[in-house]
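Shared between the two complexes below is chain A, which has chain B as its partner in the first and chain C in the second.
What follows is the complex of A and B.
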């Protein structure tokens, strides 16, 4: 009896947590369709704020920059990351554990520190700020995630399959492209989606590396928030949230986060 | 790998290098060299290339230790990290337990996904969404006044609690995720054995479940504490004038005051503090892995 009551309370608690997690986001989305620019109730439906987004050239330019950088980051990270994961899986050599350990500082060090360090270094060596610097930074931030995700997938790969292909006369390239790559493809796709999300949602590093003309969407939103709230920010924020959550759902199809059990 | 035997091991590095080099070169140029450069610049009076004469100095570090402001703010940020981490444990651990031990099958999968879904969406936007809830005349204010018989004013916007709420909202999914992974690995028969030997629910929780899930708790705490100590955007948006922390002072050095060497020194001190904390936590983390 007590067990059932406790279980019921547990379920209720989970729903409360979900409410805490989603309520502000849902309210923001609703307010982006509300007539009052000061978020006054009662609620009156409008798509005016979305329409005025189309007039905002600055936001649209920043959005294109964000998408471009995220796509290029994804491509570079999946290629470089998968290659590195394969090397770490296939070969044994001295210093391998050190190389694997090197993947964690970029993930663990606060972005504030990484971002300001990049700003200083890029400025010092003449790369400066702007979209190219942002791209350099995004790839470096996303690469470790891709290597970790693809390596996790490789753990489930049986090396005997490569042996078998080799004994049947396949050369190294054929083994990789016909046997190994198809097997790790879900990991590569999940890693790529991770990379896209890391880049598309990245604010801190982009913030330090952007210049007024060359900036990304989150940086533009931050500037707008600090100038004062407008319903347009709600509208563009709602779009971003929907896009990134859709991406995450897509990632989850390719990569199980909770383990297989 | 073992299957490839001794030949692979001998020629290992030579075969691995072409595959590894591009990724690690990129990480070197964009992460490791910048971090080294930051340490280097933190000992300079001016940035080279700025045209002004520069010299080596310990002045940036002296500034940290001579002005109590920086130390006070660092302590405030560490306290913020601690408070947010504790709230995440209090809120996230029970949720992870329910997910791992009460819910089953498809509903578990679906709810698990729902819990970690927001955490890959834009952090800036999620922080901003709280502004609409917490401000005076906002949703919380309106809702409470509609329900309560007396008039109260809820204006949490630009306050310390607002910063805490926003940060807990951003980071609690980490705690649910790491605790869920370790709680799920606990064999149910251990819990049943404890119960059948006469232990109360509370004793089983204290003696079996919490000790076994400790690695998840520590991993989650490290994942939350470190970024919160370095946070600056969240306190800026939700804290307003009360939102001055160590992170916002570093931000100011780079985007407002343009004292980059001092900013580099402050960043490096933060990095050192963070590394020390991670080093202390790492034995427990390694046991978790």
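What follows is the complex of A and C.
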């Protein structure tokens, strides 16, 4: 009897938690399909807002900027981050622990501060605001995530596998490409998805580093809301949420279930 | 195939001397066991021969060629690791093919060589499986097939049977020995299991604290240990300590123990005698004469452990507990607390110089 009540309470708690997390998002998604631009009920189905979104050139240009920057950030960060993780795994050098410890704070430092610092720094070294500055900023933000995720995967790697490959006559490149990389691949992919998400969802740093005409989607949305709210924003937000969630689910899948036991 | 010579090899890690002036000649085609407790340097020595690590000083040659500075991937050795180290992302066949594939062999050659190697270890039909779908014994065989398919000059085994259960281990010992004979490869085998070393190898080297304590055929080391450590580490032995009488010792209480005819040590020096538990006869008739078993001690049975085919008696004598192993012949079962006489032949007594 008591167990049943406890079980029921447990289930209720989980549902409340999920409602807290997802209810605002679900309502927003529903409203992006509602005829009324002022959240008025009864609900009437329409795809009008998605259609008008398609006409909004500025929003579409910003979307492409975001995708481009996120893809390039992902590529750069996966390659550099994986290489850095391998180096940290294989070699012992002076100050290695210090270097590894320094990788974590950037994740914890508020983006507002990082963004300000980058703005000042880029101005100082003569890199003007714009898409290139945003890309550099995103790479710097996302790199620690890739290193942390790939390094975590490397912790599960059995070093005898590299020794076995060497004993069979494999050179360093063959050992890495045929034994080590296949093992850490789930971590590399998960790290890459993290990097994509960090870049694609980034607002603060992008806002600081962008120029009015040339910006990313989150910044453009913010600018649009300030001018006046339209359900188009609901529509574009819904699209972003779907894409982001799909990416996060993929990440979870690769990170948790990837590779052999 | 080739013999391996290790000459005066030393290797330190910081202040710890892992290998201290070790020299061993591994004969071409022989099966050599390196035996020792953990930390004795046996695995370090194997890694020097493999080329994972280089000696601080000394020479290592394979087939007459100096290799002490040649990295592992260029030494043409085959190695089986303690936990097999099979590549989890590859099938069994791809695991075995790895060594040939990195050498750039033709696909057709690889396929036929892999099949031959898998047949040799009796896994001919399992090439398509993944390592995690195999049992421990099967993984062991795959690791072996992978190590020998490249026709290495030496086969190195690092406690390869340690992870298997007892029954499977005995099967694999026989199997490993069969394969080794069939391809005639020089094999160096690291183990801490003395029984494994005795049953499998042509020669055994016993290591302790980075030094080679004794080296030779299993029978020689078992029957003629040169130190108390060798006597007690390989098999069990009763050790008596006393003063040398030339060809035997005198215990502190004056009892004399005679060693075999060949034994000679300067009289008066500190010395020990080692006697294997199975060489001692145990009886209750104190007065009986037994000319062949001239050594005699009186004692009292403190404990008996029955193991089916034999029994081990623990006999208290002058503050020392002696072990006696008696075959189960169905008679002469002695009770705990019984007074007994122990007799054994001088030929069964090994005289060891101490200090």
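In this section, the second predicted complex is superposed on the first by the 254 of 261 C-alpha atoms of A that agree within 3 Å, B and C clash if a C-alpha of one lies under 4 Å from a C-alpha of the other, contacts with A are read in each partner's own complex, and residues count from 1 in each chain.
As a working rule, contacts are C-beta pairs under 8 Å (C-beta built on N, C-alpha and C of every residue); 3 or more make two chains touch, one makes a residue touch a chain.
For clarity, every value in this text was computed on a predicted model and none was experimentally measured.
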| item | value |
| --- | --- |
| First, second, both or neither for A:163, with chain B first and chain C second | both |
| Partner chain(s) touched by A:174 [first = chain B, second = chain C, both, neither] | second |
| Which of chain B and chain C A:11 touches, first, second, both or neither | first |
| Chain B or chain C, by number of chain A residues touched | B |
| Partner chain in contact with A:184 - chain B first, chain C second, else both or neither | neither |
| Chain A residues contacted in one complex by chain B, in the other by chain C | 160, 163, 259, 261 |
| Complex interface listing, chain C residues touching chain A | 50, 52, 71-74, 76-79, 81-83, 85-89, 98-99, 102-103, 130, 132, 146-147, 150, 156 |
| Of chain B, residues touching chain A in the complex | 1, 3-4, 8-9, 12-13, 15-17, 19-20, 22-24, 26-27, 29-35, 37-38, 41, 47-49, 91, 94-95, 97-99, 102-103, 108-109, 111-118, 120-126, 128-133, 137-139, 142, 169, 172-173, 176-177, 180-181, 184, 222, 226-227, 229-233, 236-237, 247, 250-251, 254-255, 260, 263-264, 267, 270-271, 274, 278 |
| Contacting residues of chain A [partner chain C, same complex] | 158, 160-161, 163-171, 174, 178-179, 182-183, 259-261 |
| Complex contacts: residues of chain A adjacent to chain B | 7, 10-11, 13-14, 17-18, 20-25, 27-28, 31, 38-41, 76, 80-81, 83-84, 86-95, 99, 102, 105-106, 108-114, 116-124, 126, 136-137, 139-140, 143-144, 147, 159-160, 163, 197, 200-201, 203-204, 207-208, 218, 221-222, 225-226, 229, 233-234, 237, 240-241, 244-245, 247-249, 251-252, 257-259, 261 |
